[in-house]
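When the chains are written out, they are named A, B, C and D in that same order, and each has its own residue count from 1.
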Amino acid sequence: SKYEYVKQYEADDRLLPGCWIVVRLDGKGFTKFCDLHGFEKPNDERALRLMDEAAKARASGRSLRRGAPRPCRCCRRSPHAPGRALLLPQAVMSEFQDVRLAFGESDEYSFVFARNSQLHGRRASKLVSLVASCFSASYVRFWAQHFPGTPLAATPMFDGRVVLYPSNHTLRDYLSWRQADTHVNNLYNTCFWALVKSGKSTGEAHEQLRGTLSDYKNELLFSQFGLNYNTLPERFRKPASCGCGCLVAVLQGSIVIRQRVMHVKQTADGGTKEKERLEPCVLHCDIIRDAFWAQHPELLA
Amino acid sequence: SKYEYVKQYEADDRLLPGCWIVVRLDGKGFTKFCDLHGFEKPNDERALRLMDEAAKARASGRSLRRGAPRPCRCCRRSPHAPGRALLLPQAVMSEFQDVRLAFGESDEYSFVFARNSQLHGRRASKLVSLVASCFSASYVRFWAQHFPGTPLAATPMFDGRVVLYPSNHTLRDYLSWRQADTHVNNLYNTCFWALVKSGKSTGEAHEQLRGTLSDYKNELLFSQFGLNYNTLPERFRKPASCGCGCLVAVLQGSIVIRQRVMHVKQTADGGTKEKERLEPCVLHCDIIRDAFWAQHPELLA
Amino acid sequence: SKYEYVKQYEADDRLLPGCWIVVRLDGKGFTKFCDLHGFEKPNDERALRLMDEAAKARASGRSLRRGAPRPCRCCRRSPHAPGRALLLPQAVMSEFQDVRLAFGESDEYSFVFARNSQLHGRRASKLVSLVASCFSASYVRFWAQHFPGTPLAATPMFDGRVVLYPSNHTLRDYLSWRQADTHVNNLYNTCFWALVKSGKSTGEAHEQLRGTLSDYKNELLFSQFGLNYNTLPERFRKPASCGCGCLVAVLQGSIVIRQRVMHVKQTADGGTKEKERLEPCVLHCDIIRDAFWAQHPELLA
Amino acid sequence: SKYEYVKQYEADDRLLPGCWIVVRLDGKGFTKFCDLHGFEKPNDERALRLMDEAAKARASGRSLRRGAPRPCRCCRRSPHAPGRALLLPQAVMSEFQDVRLAFGESDEYSFVFARNSQLHGRRASKLVSLVASCFSASYVRFWAQHFPGTPLAATPMFDGRVVLYPSNHTLRDYLSWRQADTHVNNLYNTCFWALVKSGKSTGEAHEQLRGTLSDYKNELLFSQFGLNYNTLPERFRKPASCGCGCLVAVLQGSIVIRQRVMHVKQTADGGTKEKERLEPCVLHCDIIRDAFWAQHPELLA
């Protein structure tokens, strides 16, 4: 038609080839959203698991996972397995096979696409909108499974952005940035809510913590609240290598990578057949140090 | 932290000021998604209404709409009102007050932001990701209301893009482009499915329609299927000015603009108070000709 | 060859259609360059004329201009004519026929391309680099004509940028911004150098002028230096409509537009033939008020 | 002023950090420009040396180079030295200290900026316009030295573009792409002009060469024109490692890198003092194979 010329106003936004593509999502106004739905403070395990679900859930209608996935190569522990088989869910890592790795903490999730991914011709707005769309739709879809009894009272939304990292070095620094942020925020928040629960106002709690170092906060948890951050059960601590307990998610954030998982398929003659499949699994490892990367050389290859 | 430098890799993607910002969403792989959920062909009214809902639904917890919204200024008819009060829904036009106008057809929706909108500093990826996220989350959230009895069997996703239009003229041409596309596609699809329902294979139907003009297709509907496209009940036709029946949505697409709607609020002393509020309403007008724009001068002001 | 894939790393930088394209050049380190070549302070007429030349000069090998170009339509005065016929020079406005208008002041020049120009597919880097290249090469080429006896002692360089303006209104505001800047800077510089020539140090001069208003500076020129800025010969003043004297260039900046100019061509039989041609001419009008634009409606058409 | 808001229409065009920045210039319409100035076909040594000059010339007013620069580390030969001391010239590699390496051939030149260069905040239009401006102004400025007796009859212009390469590997492939292009074009052009000089029309010459391989062209030069491309004096051939003769520039292109050059400075007491300085020097090496890069590890460091 004579109106078709308007299509030329669309800009070409293909991303530079040869760079790692990171799409980072962050919940819009989650301070309010968490309040509205009564999330536990500072870390609501249901919420974090829902985030992980939206990041990784996959179709599994035709086969059932057999128990836990293989143990993590770096820490020899099993990643935590979802409590039930999901009916044909599709979420970011399942929908976008080019996502090599994801990292989540609090209300945010970062997805790392292979540096040579040609998905959607590397068009920035396609990638950022589809990832945001998939994650948000999945979040609503899986809500009831993670928050049974709590109806959704507002529409959860996530903003997105695309960032390019030209080298393995800068990509690792990006992920280290996010994980170090998790450590710092979590220690702060743990102290903050401990103070608040002990009767301080939020203003007083902020005041007491302002400008303090990690040592001070660890000491505070120990002396005032009887928590020795270093003698906590492993799952609550930031572990030397990797811990797969759920609360560690709070501390290390969630790392999602594709691991081999054994599946059992029903055969036509009524028997069963085992098949190993790559499947997105959640870990709670340290990804700042080299050990993780040495154990997973395929991630940066 | 020493990793913070990676933040500098984020590009500044602020959009040129002074231009109309259009965010267009389009369902990903909806050919398959529609099949999977048994959508009626060629136009499933439930699906179209769900799209409209995701585009416009708004919070209404504290007050109830009193009957239908005011009649449309151009056609003197009432826009169709949602059948039930929605509990605190939030969707694109309610969430983003800077959206002046939206246009939807098939599996796509375009949102027009005010040319001087400063929302999120006009950052392209913020806008496109948030709109896609809000729409997708709302689509899932409102699914059950529009498809009672049909469980969601896949995650609906929408890609998004941002396009700038520097003048009123080019913006109107954009909207005309989308509406003309609706007309053409709908006439084709109506013929196509009429042929298929009459026993043709899809290949044969395509073959018969290939390269034909509007006149041929209108004639076909009349002579072969007893439908006179021009003597159909008004709501099925592309009307001279504006028709507010639901099936016309199929033909004209859905135009969403903010109209004054009367609300009744409970007062503290048990009485009620009326208040007129601007609220996103769906129309099915012709927006190619000047009449609509003359009637709604505030849209381009 | 197997290396050709690297071409894909080139980004598409086509500019949004339908917008005015402004390319602004600015001399790099001209504070030093002007010093090195002993430019007069604050305004060196030779330098300004050389800038104008680089902005507009054109091929004229085959015909000679007959006297002055037609008088300006708004002020009825003649634009100043170059003193001599140039041998086949080519500069920005002659090279780029899509440039509608240019505005120069100090060490900068802005070139306005027609809003629908398709030159080089509207590729930003093509436009900005070619304009900078053409201007710089012309500046060196014409140097000796404007600075006879002063050899070029450094390579003059100009940085460039592209800015889009979506409407006539914003384009005019852009040009008003540059011209208002000329007014303000010139009044300041005239005072500053008058103070310095009267014996003040540059530091003292800056100090005395810091934060002062126009009135103060006009008064200073009048009372201390015997200059009444408002009773100066017209060419030295910022005129009500338009003044074509050279020194006004200093105040109003240089506006270059295409005007009809009479040319005399030698015919084969030894006679002559007159022909009117559009040619870039320099004016020193006010372009902030409406009068100029009313007189030149073709500029924004 | 109230117009200042227009500054906000300038887009932020900072280039992604951590990538090699390549600025490539290419002469605009040089087919015509070369013709107009009677350049030798296919390769005019004066023209190529002028290009090299515009790429690398530097200030040398205060000291004189002592003989030839140090021999090339890879081929043990001396880069060719300019025939005379230039008076205060400034050209691209001297002006832009962040340029690590340049490569020139025909009417084009590529400049490689250090991957972490912060020059002009990595703003793309600043870089591309300044390089184009500096090169073009220098080309005009040095013209008379390289073309004595040939007045400049048109303004030489160069378009520019910026391309990012995220890794050493892709940067080397870029440079290999340009050098392989030089090889192929030169063999073609040598054959083409040999055929034309032997009496063929340009159409016939093109026809005869169309689609032929290197072997055919080498054989043609040998059998028809008595030239054995492989037994030519080394400087005419594409050498195994590096040849520094001038005509090889034609074949290998010009590589400009910074080398230590001995300078002699006059001291206050009338004596002299030697000082080694890094200075841009032209080589004609193979840069496709590893040898060159092994010899110059600092280039990619």
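By our rule, a residue touches a chain if its C-beta (ideal position, glycine included) is under 8 Å from a C-beta of that chain, and two chains touch if they have at least 3 such contacts.
Here the structure is a predicted model, which is why all the values come from computation and not from measurement.
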Practice task
Name the chain pair with more contacting C-beta pairs, choosing from C-D and A-D.
Solution key: C-D
Handout entry: For chain A paired with chain D, centre-to-centre distance based on mean C-alpha positions, whole Å
Key = 50
Handout entry: Between chain A and chain C, centroid-to-centroid distance (C-alpha), Å
Key = 57
Completion exercise
Between the Cα centroids of chain C and chain D the separation in whole angstrom comes to 33
Handout entry: Touching two or more other chains - residue numbers and ranges from chain D
Key = 9, 11, 16, 18, 164-165, 170
Exercise for the section: Determine the shape of the graph in which chains are vertices and touching pairs are edges (line, ring, star, complete, other). Expected result: complete
Practice task
State the interface residues of chain D toward chain A in the complex, per the touch definition above.
Solution key: 16, 18-19, 164-167, 170
Exercise for the section: Provide the residue numbers of chain B that touch chain A in the complex, in ascending order. Expected result: 1, 3-7, 9-11, 25, 28, 88-91, 95, 120, 124-126, 128-141, 152-165, 170, 173-174, 176-177, 180-181, 184
Exercise for the section: Under the touch definition given earlier, write down the residues of chain D that touch chain B in their complex. Expected result: 8-9, 11-12, 14, 16-18
